[in-house]
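Quick heads-up: structures coming right below.
Common to both upcoming complexes is chain A, partnered first by chain B, then by chain C.
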Partner chain A sequence: MADLTMSDSSSATEDSLFDRSFRTRWRVGFDRVVGWLLPLLFLVAILPILDLVGYISYRALPTLSFQVLTSTSLTRTDTLGVPILSTAEIMAFSTVLAVAFGLLGGVATAEFLSERAAGWVRMSANLLVGLPSVTLGYFGYFTFVLYFGWGLSFVAAVFTLAFFMTPYIFRTADLAFTSVPRHIREAAVGSGAAPHQYILRVATPIAFPQVLNGIFLAMAIGIGETAPIVLTTTLSTTLPSTLYSPVSFLTALIWENYAQSTATPAGRALVDLAFQAAFLLIVVVIALNVVVRVISHRFEKRLEGLYQ
Partner chain B sequence: MNGAGPANGGAVMSVQHLGVWAGEHHILDDVTLDFAPHSLTAVVGPSGCGKTTFIRSLNRMVEVTPGLVVNGSVLYLGQNIYDRRVNPVHVRRRIGMVFQRPTVFPMTVFENAAFGLRLIHTDEEEIDRQVTGALIRAGLWDEVKDRLDRSALSLSGGQQQRLCIARALAVRPKVILLDEPTSALDPVATQRLEATMQRLKEDFVLILVTHNVGQAARVSDRIAFLHAGRLVEVGPTEEMLERPKDPLTAQFITGRSEQ
Partner chain C sequence: MNTVNSTPAPVPAGEGKVVPSPPSPPSETSRPVPAPRLRRLGRVLTIIPALVPTAFLVAIVLALFALSGFAVNISWSPFQVGVRWPENFGWGFFGSDWDPLAAPPGQPHWGVMVFIVGSFLTAVPALFLSMAIGLGLAIASTTYLPRSVTRWLDSFVDLLAGIPSVVYGIWAFVLIAPIFGGTLNPWLADHVGFIPGFGPPPGLAGGTGLPVTIFVLTLMSLPITTLLIRDSLRAIPTDLWESGLALGATRWEAVRRISLRHGSRGIVSAAFLGFGRAFGETVAVAMVLGVNAAYPINFYSSTGTIAATIFGLLDSAYGNSHFLAALSEMAIVLLAISLVVNLVGRRFISSIIAYEVPGI
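Presenting the complex of A and B:
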């Protein structure tokens, strides 16, 4: 009897819109728990970032002034003018180099290499991204500083950092160009576009937002690197006057100053300077991310409807 | 064989013993077919019969798909487009193609229509003239003349497809290949595109691939029936519809026209 009523009720629930079975209720409950859990996990994920930004701001802001950021006085060690300009110089040169290598490599891999060769190149790029930066720093030291005989210098730092940034740009360029929709490529080729015409006139405008993303990502990562710099140049308090001069870099300055003893006022000033540099770096990295969002969003709007 | 100038009784295109292989698999087998000026030939056949491969081999688009081997020859005004000295890019500039889905580029309407021209010409006045002419011929001018500077992606599917035809027309080719151009369009847009095709056959050689016998009946002068990579039968549209010689053709045509 009991069995009979059970089967009756189950056939009734098949048509019922008010399903109160255990399984359904369990599923709804589980959904609700996960719905609460995810925001919580998100909070756990961003707490360290908030803590970091908060603490650095707390240490940096009281002593930060406009003068600290702009003074390029050579006699003072408590200003950031020289490191900021040096960092900008290194970043400018290494970004240009990395974009040249990365973009050409990415386009070549996406458009011209055979599947086999492209596979090898992509694997090498992924390997480079996964390499600890200190390993690349040593590569720069042995290659540029010693083998090429450039010494601990501006140019060695620029090339090492460029090598560090290249795979990030390469990967996004490769991905951007391979993900141009197939029917668009066929239409261009079918209209009689030669490979270079297809790349320049059709693929580049479509791939541009993604490539730009990669460039900014590489810059954000590059400007935060320490090892490739401290291993390939000696820190200087002046701007580099020749390619072979020593040079300063914000992360390298943090690396060196933070290790100072805070027992003396002079030491404390150096540690303060490290926090100010760290604060500045965070602001720059956040700014890079915001700028790239804004720019690529604007370009992506133009492509709406393309991937339907 | 490679001398310029018309051959084969004035055919603009002449396909001779064309075969396409994918490894061991024969996609097209010994197809021989001529295309006269001012004609619209519909290539019909069941799915997988090789009709898309056939039309793609007429402007060397087959070579874009890796692994396909072509033998035999395709003569364009008496010149074999598969000759080793022929650059496929130049073939595709003379033999235009329209695809199954509208394939507009993320540019303005004008730049889309001018795309093929800009690959060859640089004279703005010439480009302007040709683009206007092509848009008129494609039956799109009245709808887009006030928004030539708008993104082509804002057009409807049917308008996009006619823009693709205009893009092919603008370089003034002699031959236009249409690979199931209405398969992504609604009935009204299909009707408009069929009207456009009928107008265009006065001036061009049109080769239309379609799985729709009704469409072939409405627009074509001649039907070629492909089955399993072989050309079974070719003849004037009416004759093919009413008195097909081969039982395979009859089966396909009656089976489809009942729908």
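Presenting the complex of A and C:
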């Protein structure tokens, strides 16, 4: 930028206060063109997602009805009642497990571990998040299905999914309890609060929205996972009657049905079913993501408020 | 919330009375407040739950090793029968001869090089594309567009990360792949066929193959790269930025010479983490690429990746301990690569960045 000086003789004339050299005009023009072109790149990201949501709604909505969503009839394979209930059941159990693991771990890491040890634990949580889901599914297959002998079952899917969701809850719980302002902590400890009193009465009310956030985020991720479920259970047309029975799941249903031939009415119904399941998943995931964003925004505001 | 209470924290001395605290040092340092002092039992009991993530990681690695042929004479491995490294497997594991279910007179072979190559062939181009687009998006969003607009546009990009991969898969398989197979691939084969590897045949009519896989993987890693680059460009000090502009630089020059240099570490980590996502993606790849144990003959053909192959072949491996061992060795390769990629990628960024976006 050193040659920004008035090297060009024409620009030194009286009528021009500004540098009008070719080079300067080119630089400013280039900047302006970049400023118009780069935002167009957003189309690359936004068009596919609009297309995806639009196409899946287009395929799902004409055949979607209240009856399809709620019927749990055992003879019909073109209704979603059983997969929806099974998904809710798996998600409920594995969320409880993951919250138990992740919340305890996160609080303990944030409150009781030395900085050095906490660094290691946080690193392993980050690595867990970065693991491909098929590795986790394979782990679940080995540990729960084969080694514990549970077979391809409901309980194996629940535990594998819980393992998958735990690091997300762990990380947000850890973050939430770490970001409680220092002076509040000092005030609590200084006025004689025992550790458990500090955690339960002081830190938890402040950290709660963020913890909730982590739980919602983990649910949004868990409900969209396919590999851990497909590898640890088999698709069933009924609700699980015992812990060890096979179970259905929305993503697994899509995986089973997406490539059916549409030549026959039966195959076409199965593909429609897959699209309906995909539509439901999108709705749930987007809703959860919006909730996460809103809560997270509120949490930041709240923390700012605490510092004033 | 009561679960937190499971730690029987002993009450420190002076409970109930207001203990006069020592005068705090005048300067407010950034050091965190030291952890509350607990007695020994309490300390042990509280540290155990904190080890949950580390224990999970160790368990996963152990499980994969126990099932593999590496597990020579491990008494707790259920599949030690007959599977031995290197007698049964040997270094042929890294060869390209894959025939797991050979009929009895022939020997089964377990060379997985095809899948390793396939993983890189899909993930690397996707990474380049998503880094290029991500850089553009991040620069546009931090420099050229007003905050009121980017708040909406950015959340659209972040939404890409939340869509389940199986939904990407069915969308790409039903809608996008036929476009590639029917129009784009033949057109490319006709017009850029002079480039080696881009000539005909233009692949399957259904369109499943490398191009659509690269497309899907680009979309899936785009939110990660964009978000990380955006955060690293935002982190530039205002002083630097404003002095650049005051010296007469245009915004583009300021971005190129100040922001990109200042945020280079974040950009490198974005590349690593985006690669990790593209490399480990399973279900969507299994749907649009398939599991095909052959090297691609050209740009339009199909092949297999490590993750999709483990996912797709586990059914046929059931009860065949050699096959299972081969799959878990593939899983170890996948695990090792993604651990290394994540370790390197996270060295450069704050560990608590962007928790709201899945997969980072």
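Couple of notes before you dig in:
Just so it is clear, the second predicted complex is superposed on the first by the 249 of 308 C-alpha atoms of A that agree within 3 Å, B and C clash if a C-alpha of one lies under 4 Å from a C-alpha of the other, contacts with A are read in each partner's own complex, and residues count from 1 in each chain.
In this text, a contact is a pair of C-beta atoms (placed from the backbone, for glycine too) under 8 Å apart; a residue touches a chain by one contact, two chains touch by 3 or more.
Here the structure is a predicted model, which is why all the values come from computation and not from measurement.
Look at A:Phe275: by the touch rule set out above, it reaches chain C but stays clear of chain B.
In the superposed model, A:Val294 lies in contact with neither chain B nor chain C.
Once the two complexes are laid over each other on the shared chain, residue contacts for A:Ile206 go to chain B alone; chain C is not touched.
Between chain B and chain C, C touches the greater number of residues of chain A.
When the two structures are aligned on the shared chain, A:Ala263 is found in touch with neither chain B nor chain C.
When the two complexes are overlaid on their common chain A, residue A:Gly35 makes contact with chain C while staying clear of chain B. In the superposition on chain A, A:Ile184 makes contact with chain B only, while chain C stays out of contact range. Of the two partner chains placed by the overlay, chain B and chain C both lie in contact with A:Gly192.
In the superposition on chain A, chain A positions 186, 189-192, 194 are in contact with chain B in one complex as well as with chain C in the other. Chain B contributes residues 59, 61, 64, 89-94, 96-97, 99, 101, 103-107, 115-116, 118-120, 151, 153-154, 164, 167-168, 171 to its touches with chain A in the complex. The residues of chain A lying in touch with chain B in their complex are 183-184, 186-194, 197, 201-202, 205-206, 302-306.
Listing the residues of chain C that touch chain A in their complex gives 1, 3-7, 9-12, 14-19, 21, 24, 32-33, 35-36, 38, 42-43, 46-54, 56-57, 59-60, 63-64, 66-67, 78, 133, 136-137, 139-140, 143-145, 153, 155-160, 162-171, 173-175, 219, 222-223, 226, 247-253, 273, 276, 279-283, 287, 307-308, 310-311, 314, 327-328, 331, 334-335, 338-339, 341-343, 345-346, 351-352, 355-356, 358-360. Residue ranges of chain A in contact with chain C, taken from their complex: 1, 4, 27-28, 30-31, 34-35, 38-39, 41-42, 44-46, 48-49, 51-52, 55-56, 59, 100-105, 107-109, 111-115, 117-139, 141-143, 146-147, 163, 166-168, 170-172, 175, 178, 182, 185-186, 189-192, 194-196, 198-200, 204, 208, 213-214, 217, 220-221, 223-227, 230-231, 251, 254-255, 258-259, 271, 274-275, 278, 281-282, 285-286, 288-289, 292-293, 296.
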